[in-house]
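Each of the two complexes below includes chain A, the first together with chain B, the second together with chain C.
For the complex of A and B:
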């Protein structure tokens, strides 16, 4: 190819990607840069900005509640990611077996994922209401397991676990869906070969199913980490006293008058953490 | 020829169209109200339409914004350049917005001049006055808080009315029977404004305050600490876990002996219909089938004043706030609309949306025969004298933000950041040491004031 042709081609290439670069620049890069810029200012509602240097960052890192919320977030992340993955995998393997009404069951499993968050949150709150809820009614009045009524959602010791349970219940169907799709494409002869080699059910799961699913599992875990590190609405609606990182950010920056400088500082840190986590995961765990 | 005529016609129409649109240059009043319930919104829409009919070319757009969301939504609107012309919200948020420099104090000045300064209840106007004497808002309606209690249960057990710290604690203890799902009292333990309201009344009765008359922060005091410890005691007789005002439904169900609440409860208590509506709508689903106790009004009494070191009544008010706009037409229309809202006919229509809950801020309205004829007959049930007594409280309203006639807007910012509710939550639910919680609340207050 002549050099003119190559030049023309690369010029065309540039023109073709220009719109995409422009849109990403405007909608992603610019806000990130502006956010970083804002994080060094105290911003008033009428637009007045006062330069405060690193003060927003030092205030934040000097706040013990910030580190507490990181701890809560870590427990929340581990609990929900492991929970949805394991439950999703179990459901997928079960639903991959032949049985009557299988299609009906496959559909029903998806329901929690489809239901609107706000309505299921209220449902859970009614169930666990300390005075009128069905949970306390059954445990205290019917079964007489204990004579003290518990506010499981309100009590900070149990609230985190209720929130984790809620997230697992609400989101395992998406994991299940992805696993099931992959399971259906695993060739039957692999299982037959393993059976001939003398593997029992556990061995077939360990040596055939898991390796085949490896990348789907990795994707599910990655997606769940990204989603749940930023998850706000489920936690805030169900138990606002469980201070995960996004909830902490909300209280710190958005409750009452918006503190745009502090909010910007928090989101810069959160972005760094998220990017760091994903890098670590992709490079070290997935070895992509 | 034909084409020339049609061109001429088209041209004339275009010019006319421009002229007409010039003449009726539309002024817009976007009005954000904290009244989000459908029936109240319909009422406000009705007032807005009436005003539109009386004023050609003015459009009033009513938008409902939840009170807890108001500050956040305002921030977003100001940042986006879509600030509304007028909002109706509680005094704490008004003072905070005032300090942000987005409030049109000139319009307020004009309205007060037109209506007459002396017609407003003095304490109410002071609450919304800035340290430099500007009006950050115009008082529109307000409520008084107190303890509502089961008089029949108190009589049965020989308990004294809950108007002192000792009486309240004794009664709360006597009326609690957790094994039978019965609770003595409701105090706020969630991180929201209800908690701050309950705490404030108790703190004021113990002479605790946020600021002294010079504006120094004096929150971290033995009096505050004592109030927190007392609050923690009371919280033992609460329904389990963190609670807010929604738990008043337990009282309506006969599962609670007393609860802190504003005069807003009056119509809920007065009318079985109202209470049923309230129970089944947004609160607790399983309550909708619950039976309403028609004897509840008769058996309920109100203790508005709590005495410990001093007598404290507590209430708060909501005001109308005009915001700075670029258009002179909009500003003029906003002023006209505010004055229309203070006109007795429209004012009473507004206040009747929550008889007892919304009390007038202008003198004379409470004695107006039209005011005492509320559609639900609530005032008849409670009597005109009682109403007058409640309203007169606004001449001498107490809060953390007003000390000896001076207003400290920082108190509004502290309120907006829920510092006190989080302190109470930490102590009552997380079991944090009261002094430690008080220390960190004080540190947060200082940080907010330093900003």
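For the complex of A and C:
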């Protein structure tokens, strides 16, 4: 675009986003500031606050459960981000081929994404039910892989992987959709040129598809990290024993010994991480 | 380098035939040019050789092997695409050496080829740019460089110079001719440009509607077109075709009687089986009689007297004269020595050895075929 057009566009853009920026400012900035403020207090349920300085932070950094939840979150993030990206990419490449009923298949893939969390969560719990679930039926009764029926969701270690699987299944369609949209716009003759230059199917994927997709891949990865760093409902509903960072925060703030000050401190730290990621996103990804 | 043989090659999309029973042999080291109107199947033919379109019927051979079922990346060909198809995320340099690297060339060869190609195509200043930051003509040169850098068995060009300005086009044309001779490359070259076809091709293939109308050297195509389509498609301005009655041994139109016996390669017996024929005269073969050029008794000239000039277009050295012949618009190309003016009456002469006769069937076949 010429620089004149860009200037005009950005001027119009500013006018268009101004009201939204105002509203977001009120709805987002205020709670954030209040949260930061809270993190320096000991907050009682009745509302009385006592200033404690950095105590919430030092408490937190001395709490092994906090670090454990960070560890769980990191595994959860790596698993879900890699999983959704790879599965979404594979599905997009598959759905970019010509075959019968392609349009139907393209639509069906989106179903998990549109299905309400609450109903599919119960479906998944049922699949892994130790007594009646299809998973144990197949593994123990049909395939005879083991003799013991496992309660995969009951055990926090295995539940983490169920939760990861669930998130991949539920959210890969959004990655798929973004990839497919981009794939459809890759000029066909680039593949032809690469074939002429001696590249087989794998080489063409590596030298044409991936470079063409890199912006979208980076976007998907970063968006997935940002979303899943805060992901609460999927995890909590399916397996509340998997203590990722948001779940740990929730337990701190609203369950057992309520400690909103500490919860606020956790949020502040998490916010800093997120801000870092968003900065990366805006500066690096959107720049490409 | 390798030869390319197309044997009874057909291509259809669904029931629609696009290329019909095409036979062509491109010899090792030969440069063959495909010309024909838009949509006649030139690109399709090229793409079948490249392996980018499958062959509905027939066989294509590169060297000694049939390649029908060989995917493009195993055919060892290089191709310049009609719309460049440069890799957008790679620099010009990377684009040029991409195929070369894949073919396993060593670093020294790659460096040498890159230097050669970028100097020849005047790309030195752009090597680090991305294709998006180049003009159309520069992109076309990169696409050209990417193909020429390769050490391929066959080179395919799909209108590679169509986006260049006249000067650059001329430069590139001579460069291609030079490289072709230097490396003795086997090439199939598609173009709309008559000059490219005439100057580059060892042989020219004229196509229409998926059918090969004529294959021949540029001079054969120019002097001995097998039918009226080739006659009018090749050469600019197009050959004049004038319908003439056959009276005895004369070809008659307007007030002119051309003696058929003096026209080269005419079979008088055969000619008498026709009522009318088309007389083909290239605009280039008219001469202004007023210039009283040196004539010798052996000259076999026919004078067109009293021609009324309707229009004169001065093109610098050449000038194009428009007039009527046999009731149709006709053109002659004279040069600046001639001083004809609009609305003047002049006489022009034509060498009867250069006059062609075609039958009046829809194909318009050449009647007086001979040696060039």
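Rule of thumb we're sticking to: the second predicted complex is superposed on the first by the 245 of 288 C-alpha atoms of A that agree within 3 Å, B and C clash if a C-alpha of one lies under 4 Å from a C-alpha of the other, contacts with A are read in each partner's own complex, and residues count from 1 in each chain.
The rule is short, and it goes like this: a residue touches a chain if its C-beta (ideal position, glycine included) is under 8 Å from a C-beta of that chain, and two chains touch if they have at least 3 such contacts.
Here the structure is a predicted model, which is why all the values come from computation and not from measurement.
With chain A as the common reference for superposition, the partners chain B and chain C occupy compatible, non-clashing space. When the shared chain is aligned, chain C comes close enough to touch A:212, but chain B does not.
After superposition on the shared chain, chain A has more residues touched by B, the comparison being chain B against chain C. In the superposed model, A:168 makes contact with neither chain B nor chain C.
By the touch criterion defined above, A:187 lies against chain C but remains apart from chain B after alignment on the C-alpha atoms of chain A. Of the two partner chains, chain C is the only one that A:200 touches; chain B does not reach it. Of the two partner chains placed by the overlay, only chain B lies in contact with A:155; chain C stays clear of it. Per the superposed model, the minimal spacing between any CA atom of chain B and any CA atom of chain C is 51 Å. Common to the chain B and chain C contact sets on chain A is no residue at all. For chain C in complex with chain A, the touching residues are 50-52, 71-73, 76-79, 81, 83, 85-90, 98-99, 102-103, 146, 150.
Those residues of chain A whose C-beta lies close enough to touch chain C in the complex are 187, 189-190, 192-200, 203, 207-208, 211-212, 214. Of all residues in chain A, only 42, 44-47, 59, 122, 126, 129-134, 147-151, 153-156, 240-241, 251, 254-260 touch chain B in the complex they form.
By the touch criterion given at the top, residues 71-72, 74-76, 78-79, 96-97, 100-102, 178-179, 181, 183, 190-191, 239-243, 247, 250, 253, 255, 284-287, 413, 415-418, 425, 429-430, 447, 451 of chain B touch chain A in their complex.
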